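Please read through the structure below; I'll follow up with questions.
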Amino acid sequence: MRFFSDNAAPACPQVIAAIGEANVQDTAYDGDGWSARLDARFSQLFETDVAVLWVPTGTAANCLALAALCPPYGGIVCHREAHIQADEAGAPEFFTHGAKLLLAEGSGAKLTPDAIRATIDPIRPGVHWVQPHAVSITNATEYGLAYTPAEVAAIGALARERGLKLHMDGARFANAVAYLDCTPADLTWRAGVDALSFGFIKNGGLGAEALIFFDPAMGEATRIRRKRAGHLQSKGRFLAAQLLAMLDDDLWLRNARAANAGAALLAQAAGDRLVHPVESNGVFLRVSPGEAATLRAAGFDFYDWGPGEARLMVAWDQGPEAIGPLADAIRAL
Amino acid sequence: MRFFSDNAAPACPQVIAAIGEANVQDTAYDGDGWSARLDARFSQLFETDVAVLWVPTGTAANCLALAALCPPYGGIVCHREAHIQADEAGAPEFFTHGAKLLLAEGSGAKLTPDAIRATIDPIRPGVHWVQPHAVSITNATEYGLAYTPAEVAAIGALARERGLKLHMDGARFANAVAYLDCTPADLTWRAGVDALSFGFIKNGGLGAEALIFFDPAMGEATRIRRKRAGHLQSKGRFLAAQLLAMLDDDLWLRNARAANAGAALLAQAAGDRLVHPVESNGVFLRVSPGEAATLRAAGFDFYDWGPGEARLMVAWDQGPEAIGPLADAIRAL
Amino acid sequence: MRFFSDNAAPACPQVIAAIGEANVQDTAYDGDGWSARLDARFSQLFETDVAVLWVPTGTAANCLALAALCPPYGGIVCHREAHIQADEAGAPEFFTHGAKLLLAEGSGAKLTPDAIRATIDPIRPGVHWVQPHAVSITNATEYGLAYTPAEVAAIGALARERGLKLHMDGARFANAVAYLDCTPADLTWRAGVDALSFGFIKNGGLGAEALIFFDPAMGEATRIRRKRAGHLQSKGRFLAAQLLAMLDDDLWLRNARAANAGAALLAQAAGDRLVHPVESNGVFLRVSPGEAATLRAAGFDFYDWGPGEARLMVAWDQGPEAIGPLADAIRAL
Amino acid sequence: MRFFSDNAAPACPQVIAAIGEANVQDTAYDGDGWSARLDARFSQLFETDVAVLWVPTGTAANCLALAALCPPYGGIVCHREAHIQADEAGAPEFFTHGAKLLLAEGSGAKLTPDAIRATIDPIRPGVHWVQPHAVSITNATEYGLAYTPAEVAAIGALARERGLKLHMDGARFANAVAYLDCTPADLTWRAGVDALSFGFIKNGGLGAEALIFFDPAMGEATRIRRKRAGHLQSKGRFLAAQLLAMLDDDLWLRNARAANAGAALLAQAAGDRLVHPVESNGVFLRVSPGEAATLRAAGFDFYDWGPGEARLMVAWDQGPEAIGPLADAIRAL
């Protein structure tokens, strides 16, 4: 059983069905009926007027957001291990035309107002030093920690105070919402978030993420940038349909709850092997090379995550019932 | 019946089926089994070793190709009405970091060696003037004309002589091959083409195009650029599966033949109303405003293409049987 | 005697003297006493509050201006033969991160409102087509024609109406002002110009041009971009001192008048050989290859400018007294 | 007396004189007689064939070099406190089109092979992570430390082994050579350096630095990039003349020796107040706020460099004789 990545999971059947249903003649690009429903549907979910753009990858969502929030000569504060810094091959620099990521520290890839201050306070004003224009946080983080609404709000307050825009990389936003049992609104715009990369693909989607701007005007130029980056798919109805299917009957939330529940079971089994508290669908374990080999021999695949650590990502289709054998195997180590 | 764009057509059932079949757990990005088969499958089709990258849009295919063929400070010769110049919102400039499109003229958006010479010969050597590094041609052109293998080869010979790389925007490559009844090899690398944007989406695909490098080494950095542009989809198996389905049993060619046949029927009906010979699936007609209104009143939708002209794009699912009523309506004008 | 380029001329003695006088210890970059006086001094000249940045080249001035007036995804209307399009090696694309130059036509490289409309009116709204954001005109033009204040104002009015910013490439602004005998204010901000590249180097300067923003706030980010482009010289006092010396006692205007007077003499001598009216310091002549050879044999150097044409640029130190022999030689042809 | 920056110093008289001598009519850009002599003159100095480009700032030299050595999607290893990372406002990202600086650690802003390995070894191969393409070291470093030829060679060997190009930011290269008493060749290409930003401005120059490529072919495209970045000054003879004047009679070395000697005197006076060994013209002292105030009250100006530290930069015209009073004042603290 594979726990490499929630990206490796299949798409859920409702998404596949939605693609089939969208397979009719309709206006190209985002002129179709499905795309036309997105703003209203997400506005309802977020309890405020939002602008929504479908994009095919989280990298595109993140980097289009950053390009909207930061000029080419500006800086974006993020964690040293943030996906945009560590795993996107310089895509932020490409989309922003060379903005600089200003790195901050924090356990479990989680930022705090103090960590952000430690990064930006030493930057003198003036033209010789890249000035911060935005902050980007990942919720849930790359290590599976969830920022609470209050934690986001504290960062949001600092951002406003310093004139910075706030982006949330929500590749696993659903898992954070599911874990925190809060509203999407409380975790985002009410806490000061300007733009959200709302991930669906790791959560049972196929090839569509939603880029949300809480000030719809802020997204206008992004529609142009999406085209300019080759992301305006000509049969966009297929992406919009995926997103709508994920919102129907809270599928996004149900999938995330299932994955989280699987991870929680593993957490229970792991006990003090846990490197970080499990607050979404990722489980980071301390395991010796021998123990790792034992798990693999039993048919469980996963990534080593630095020496003596393993990362196990639980997908939407690996809920509690599927996870039992792995939990037992961990207990048996 | 809508003839706005072949992008408006549905995807063909084999492609939808292939998506369903690819909906299993597999390695993320392009590490899956479907992606792994692409190089071999396309190499077979092209009778030479090629490197193939799936990408979700023609714009991405074109612009990744151009970035591989031209440095940021270089120039790319293309027709004044080429899609990359006229309809991609500056995407070539974005992907190439500011390379300049050097515009050439030609009837029906078709270039000739002479037209290319007329553009590049006046460029003095030296650092003050953007020097040409590549040529991009569209086959079939934006007006539906097909370059023959010999015509491409003449341009290819000029390109080699002047040290220029040659890109073919093949958004409707299938329609050109179908019309010319030639091999894909004869129309591309044997004629000097270095990179081909091989379009499938307008031809019954859903969300995958193939970017082909005939010198596989030339595509290496493009794999990085694809990631950096946010185009490396995490569930890439779904894109690869679409491409493979299109190649199975020459589906790509059969679809193109169907659309071409529909267009040919319209051409017959149109007689001297034709603005350009019909050599693929696009038909450009001379119609007065009143005639256009008559067609629309009869339920046929299309774009006006300049004053007194209409563009009718025939899709893969609008073959001869479907096209009859429109042909009749044109005849009746 | 050389008439290749006004760039080939020496700097005038006052500029050399100013460099000597600025050769003291002072704060680096633009923190020195000379730089500090620029805004006030140019504001006086332009009869309004302006922000001034010294830069070492006209290309830098033009392209920093364009980057301030147009986003990376926007378009800039300019003449097909404008220096920014034809002679700056893609620098506008570099500084703007890929904005597109939208080319317009006009005799003598001069734009009119109608010519601009002919370029921008066909651009449909929407994300597929690069939308215009700015207009750039060159005064005097690359062929030595001067836009009058009224002509600039007509373009300025169109620009405001369409939401476009207006840039003036004033590499030979001094020559235009001298020819028109108008105020710098009337030829710029009163006519709707937002940013001016005020050239000094072709007019007796050494290595400093002035980039002027008539809305000082518009120049703020440009100070950052200047640094980011490597144009914030550490001993900036030497550039500021050059500019101040050129303004002292209207040296800039006296130099331009001298060059214009030289050109006027040549114009008189040329009679119907003139390709364009002579409205600044450039003279474009119809000469046969044999006549060109005769002039060269007599010791006069110049560029061929297309078949049967010669370009003679008169410099600040080639006033009437120096120009006599060439005028005679032309008359003698 | 001011010790803020060696940039604040005047230019030395020979440079001013050279500007006067170059003030004649000559071919524009770098077609003049002075520019024509550069390659030969620097090749002699470096005992090998080099290509030399004058540029007006160290930032331009550094960033043009980096753009030549690293593609837009690549990474450049440098020290966390390197000027290119800390003080150039994102210029490297601008010139390289978004390459990423990969930060390494080391006391006194000095890199070692081990420090570089610690930065690059964890980077997995593959398209998700920015791969290193170049290393940039500063000699003398931002804290005044000089890399010896052997130290550079060790880094050069690692660079070659890993396929990385090696750039040296030599804003104070002269001071390093003077301190080490080695040949320019031993400190650069013989040790594996591919490109050198050879600084003159901090060392008595006015507005010209030399960008040196030890493989002349490597600099070809850089001539285009220089134009494209607005750095090809039209009266380039004035820059070339400055560089030639600095090489005449080893003026560059004599100036550097003078500044170093001044710094050495301060070092002696400072004793264990020194934060770093003094190996060029920069002196970093531990001083309490009260002591700093005492020095300032006595007329000595300098920058605070973090809490309890002061940076004193000694210029070419602040040799031993001029430095005595400050040395006394430090001793008297």
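For clarity, chains are labelled A, B, C and D in written order, and residue numbers in each chain start from 1.
Heads up, the rule we're going with is that contacts are C-beta pairs under 8 Å (C-beta built on N, C-alpha and C of every residue); 3 or more make two chains touch, one makes a residue touch a chain.
None of these values were measured; they are calculated from a predicted model.
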item	value
Partner chains shared by chain B and chain C (touch criterion as defined above)	A, D
Reference interface A-D: repeating pair among B-C, A-B or C-D with over half of contacts shared	B-C
Furthest chain, CA centroid comparison against chain A	C
Whole-Å gap separating chain A and chain B, where each centre is the average of the chain's CA atoms	34
Distance from chain C to chain A - Cα centre to Cα centre, in angstrom	50
Residues within chain D bordering two or more other chains	29, 72-73, 88-90, 94, 97, 127-128, 224, 227-228, 232
Complex contact set, residues of chain B against chain C	72-73, 75, 86-90, 93-94, 96-100, 127-130
Residue ranges of chain C touching chain A (in the complex, touch as defined)	29, 71-73, 97, 127-128, 131, 221, 223-228, 232
Residue ranges of chain D in contact with chain C within the complex	2, 4-5, 7-11, 16, 19-20, 23-29, 55-61, 63-64, 88-91, 94-95, 201-202, 206-207, 224, 227-235, 238-239, 315
